[in-house]
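Please go over the structures that come below.
Below are two complexes that have chain A in common, paired first with chain B and then with chain C.
Presenting the complex of A and B:
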C-alpha cells in the first residue's frame, strides 16, 4: 500500500507493507539515521519521534498509522529554536549524553517543555523514563532541562515583545 | 509473510460493518499491548486489521457531574492531561504507572481494557469504580459493567466482534482510596498485578467498600464487600479479623507469590479502615 504524510515539513509518499514498523521506514527509506531500530519494544528511546505532536517510539507504530499524519524526527527538530534551547541548556548544566541516548533525551526534553514550560524535577525524571539509557547524572538532567526551560522562556519573552 | 488487509474506518458504523464481515479482525488502536509480544522487525498481523485510532467518535471525552465518559481510543496521556479533578485519583495513579510517557502517548484506555491475554493496569481501578463500557456490534450498543468482562475462569472476556466505544466512569466521592501496582513497570508478567480499593462512610458506618485485584486473573469479591457494609469505623479487631480471614479463605486463581502480596494489600486496606 502507499501512504502519504508530512515528514519534517515536506509532503512525502512511500510504499509500505502491512507489517512494516515506522522506525525502519524512516531510517532506511528516508535515510533519517537519527531514528534507530534497536529494542523494538518502545523502551530504549532511540527511535523517538513526534507523530502528530506526540512523542512516540516509532518502533511501536505500524507504518500504516502515519498515513495523513505529521512526523518530526531529530533531523527536522534540530532545525528549530527549541532544539537550540535544549542543547544549550544541557551544555550550560554540564550535562553530557552518549551517542546512544542523545536524540531521545533531546526529544523527551522537547516534549516535556512543550507541555510544562517550568517543569519540576519529578516531572523531568518521569519524562526521561521514555529513554532507557542511564548514562546521565539525574541531577544534571534536571539542571539541564531547567536551564533549557529558562532559555526557552527568555526567547519566547523576547519574541512576544518584538 | 502474510499480507494483511488494513481497514481504516472513519466512523464507528463503518468499523462495525467491517467487524461483522470479519469477526476475527484484530482491532488496533494504540497497539502497544499487541506489539509488546513481537520481537521481529516485521509485525505479524492477522489477515484483517481494523485500525480504529482515527475514528473521531472514539476520541471524545465528556465530563458531567455524575460521570467521566472517555472514548475508547483516547490515549492514557490524554486522560492524564484532562483538567485537574476530572479524573478519579485512583485512575490517574494507575495510568501514571503504565510504562513511560512515550508509550502512554500511544496506549489507549480501550486497549488497556481489551487486552485479551491479561488484565492491564487500569482494569482493577475501573472494576473497583464499577465502570461501564459501551460495546457495539451489528445488533446495537449495550453497556456492560467492567466486572462482567471476565470469563468464568477469571480471564479477560471481551464480547466477540464487538467494538468498545466508550468508558463511563462514575464520579463518586470516596473517603479512602488506594491503588498499588505490583511487579515490573514496563513488562507485564505472571507476577505483576494491580490492586485498587475505595471506601466511604456515613456517620461512622461503612456505606460502600470495593476492592479489586487484577493481573493474569481478576478478583473482586462482592460477597465480602457487602459484609463490610454497616460495620462501624474504626473497624474493631474482631470485624477486621473476620474480613481478613474471609478474604484469605477464598479459593481463587492467584499464584502463591501474588497471594502473599494480595493478603498484605488487604491488610493495608483494613488498616486504613481501622484507624
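Presenting the complex of A and C:
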C-alpha cells in the first residue's frame, strides 16, 4: 500500500507492506540516519520521533499509522530554535552523551519542555526513562534540561516583547 | 556516509550509518547446539551475488589470539557454545542474507554441554592461581572467631551503546577495517592472521565507541575477521552489524564468579587469616581467563593487611559464550566478596564496620600478599570520614543496628540499612604481562604551534579527549584549542594498548604529558616541526609461580569508598535505594567536574547491577525472553548519587577512578540490605521475589 504524510515539513509518499514499522522506513527509505534501529522493541529510545506531536518509539509504530499524519525526526527538529535551546542547555550543564542516545535525549527533553516549561527534577528524570542508556549522569541531565528551560523561557519572553 | 566509495574521518561516526557502494552484508550461521560435532553444513540455493563462507575458505589461520588463548573464527568440526559462528552468508541485502543464514541446514551430533562451573572437573580448568602467605592453618586454629561465606555474582550484559560489528574493504594497497573497538591493534593483528597477510597491510580505523564497559575489548576483532573474510572473498566492501537481540544472545558477558571466603580474627579483633577459594566461569575458550583470574585473585584479600593468606583460584571453561571483562577484569567480583565478608565480620564482632576496617586496612608500609611493601597511602581515614560525614553514616548505622536487634518480627518496619565499602582500582596494567603492557604515544608540534597527539587509544568519552588536550596544552604552554587528537588509525598512530581499566587517564594521559614535556624541552632549541614519542612499560609484572605471587600490583592504584543506604517496604518488599555516596582519591584531577560525572555514571550502573540486571543461570541458556526482560534502571529509579573527590597536588599522578563504583557499591549495597532485612545475602541482584520466601517463613507460612 502507499501512504502519504508530512515528514519534517515536506509532503512525502512511500510504498509500504502491512507489517512494516516506521523506523526502518524513515531510516532506509528516507535516509534519516538520526532514526536508529537498535533494540527494535521500544526500549532504547534511539528511534524516537514526534508523530502528530506525540513522542513515540518509531520501531514500535506500524508504518500505516503515519498515513495523513505529521512526523518530525531529529533531522527536522534540529532546524528549530527549541533544538538550539536544548543543545545549548546540555552544553552549559556539561552534559555529555555517548552520541548514540543523543537523538532520544534531545527529543525527550523537547517533549517535556513542551508540556512543562519549568519541569522539576522528578519530572525530568521520568521523561528520560524513555531512553535507556548507561552513558549520562542523572544530575547533569536535570541541570541540562533546567538550563534548556531557562534558555527557552528567555527566548519566548524576548519574542513576546517584540 | 551513505553510498560513498570510502569513509572519511570515522572516529565520530556510528558503524550503523556507514554504507559503501557495492557493499555486501554479512549474516552469521550459528551453531544450534552448545556442544558437539558439526557433521555437515548445507546452504540453501543462493541467488547470484550471495555466497557462503566456510572454514575452508579462510586463507590464513582460523583463529584469533587473545592473551595467548585461541578463539576460532568459524568453528570447524566441534562447537563449544550455542550460537557459535559456523559459517557466514554474504550478499547485497542484509535481510535476505539473514534469512539464507537461518535456512542453512546443519547436521550435528550433540553432546551433553558442560554448564557447571561452581563444581567442575579438572579438564575444565583453563587457568589456576595458588598463593600461600604465612601459615593460614595455624592462624585459623588459634583464631578468636572465624566466619565462612560464599559469595556469587552472575553474568551481566554490557548494554553497550551500539551492537558489535565491523566493516571491511580494500583501500588502495591496504585492507581497511572500521569498527568500534577498545583495542585497534588487536583487530589489526587478528585480521592479518586470518587473511594470512602482513599486519602492516591492514589498517584499522575505529568508529565511535560509546559506552562499552569493556565489552568491546577483544570481540570486535572476531567480527572484524568475519567482515574481512567476506570483503576478501567477495572483492567488495563488507559489513557485519549484529542485531541487538543477536548481540545479547551470543556475545561475551561478565564472567560469573563464586568466591568462598573463610576469614579469622585474632583476640584483638585484627584480621589474622583469609582463605579464599575462587571459581570463575570464563565460558567457551576463555580468552581472558588468565587475566581475569589474576585480577580476581589479587583482589581477593581486598584492602586488608593480613599475615596469613591462602588463595586458590580456577578459571573454568563451560559451554556458554566466552565470558570476561565488565567494567574491569574481575576485581569487582573479588571486592564484592571480601567487603561483604568484612562487613559481616565487623557486625559479628559488634563493631562499626568503619572502625573495624580502619584497624585492618592496608597502610603505607604494609606488606602485600606479593611480599612487596605498599608505597602509597590508601587515605582510608580521610575517605571514610568524608563519607561518614556526608551520609551521616555513624548515626544511621547505630540506629539501624538498634532497630534490627530489637525487631521482634523480621518484617515489622521501619526497615532501613546502611553499608560501607572500600576498594582500589589498579593503575591500568595487565597482570598477565606480555606485549599488552607496552604503550606508546606520539606528538608533533608544527610551525603554526599546532600540536597533534597520536594514539591508537580510541577514547569513548569526549571528556577523556579533552583531558588529553588540556594536559598537552599545559605542558607545551599553548591554548587547548591548538591541540588536536589524530583519528586513532593504526596506520598513523602508535600502539597505545587496549583502552580499559581507565588507561585513558592512568597511562595515556601520563604519556601525553611526558611526550609534550619532551617537546617543550626541545621547543626553543630545535627548529619546528618537532616530533616525540613516549613509551611506557610496566616496571615489575606480577608473577604467579609455585604457590606464591610476586610483583607490585598496587603501584599507582586509586582508592575509594562508597556508602549505600536502602529502605525496604515491609508490605511489598520493594527495595528502595535511598542514597549513594562515593569518595575517591584520584590523585591529580585534571577536570574535577568530569571526574565526578564519570563516577556518578558508573555508580548508576553499579546500582542497576544490584537491583535489576540479571541473566539466567548458566544452566539455562539465555533466551529471547531474557532479552525482552533485561533492562537497566531508568534515570527516575536511581537514588541521589553524591560524589566527593580528594584532590591531590600538582606533583601527584592522575589515577583511574572510573571503575571504583563497580568495586565498592555492590558490597555496600549488600551490607545495607542485610541490615535492613535482618538477614545475610550473598549475591546480587536482589529483588523483592528473593525476599518473599524468607518473608513467608518469618510470617509463619509455608515458604514453598
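Criterion: the second predicted complex is superposed on the first by the 162 of 162 C-alpha atoms of A that agree within 3 Å, B and C clash if a C-alpha of one lies under 4 Å from a C-alpha of the other, contacts with A are read in each partner's own complex, and residues count from 1 in each chain.
Please note the rule applied: a contact is a pair of C-beta atoms (placed from the backbone, for glycine too) under 8 Å apart; a residue touches a chain by one contact, two chains touch by 3 or more.
Just so it is clear, the model here is predicted, and its values are computed rather than measured.
Partners chain B and chain C fit side by side in the overlay (superposition on chain A). In the overlay built on the shared chain, the residue A:111 is in contact with chain B alone; chain C does not reach it. After overlaying the two complexes on the shared chain, residue contacts for A:81 are found with neither chain B nor chain C. In the superposition on chain A, A:1 contacts chain B only, with no contact to chain C. By the touch criterion defined above, A:54 lies against chain B but remains apart from chain C after alignment on the C-alpha atoms of chain A.
In the superposed model, A:129 lies in contact with both chain B and chain C.
By the touch criterion stated above, A:20 is placed in contact with chain B alone, chain C being left untouched.
The vertex angle at chain A, taken between the C-alpha centres of chain B and chain C once both structures are aligned on chain A, is 90 degrees to the nearest 10. When both complexes are overlaid on chain A, the residue A:41 reaches chain B and chain C alike. In the superposition on chain A, A:99 makes contact with chain C only, not with chain B.
In the superposition on chain A, A:62 makes contact with chain B only, not with chain C. Between chain B and chain C, the smallest C-alpha to C-alpha distance in the superposed model amounts to 5 Å. Overlap of the chain B and chain C contact sets on chain A: residues 37, 40-41, 43, 126, 129. Chain A meets chain B in the complex at residues 1, 17-21, 24, 37, 40-43, 45, 48, 54-57, 60-62, 64-65, 67, 108, 111, 115, 126-127, 129-130. Chain C meets chain A in the complex at residues 2, 12, 14, 16-17, 159-163, 208, 210-211, 213, 243-245, 460-463, 593-594, 597-598, 600-601, 604-605, 608, 628, 631-632, 634-638, 641. If you check the complex, the residues on chain A that touch chain C are 31, 33, 36-41, 43-44, 94, 96, 98-101, 122, 125-126, 128-129, 132-141. On the side of chain B, the complex with chain A involves touching residues 1, 3-6, 8, 28, 31-32, 35-36, 38-45, 49, 51, 53, 75, 77, 81, 96, 99-103, 105-106, 186.
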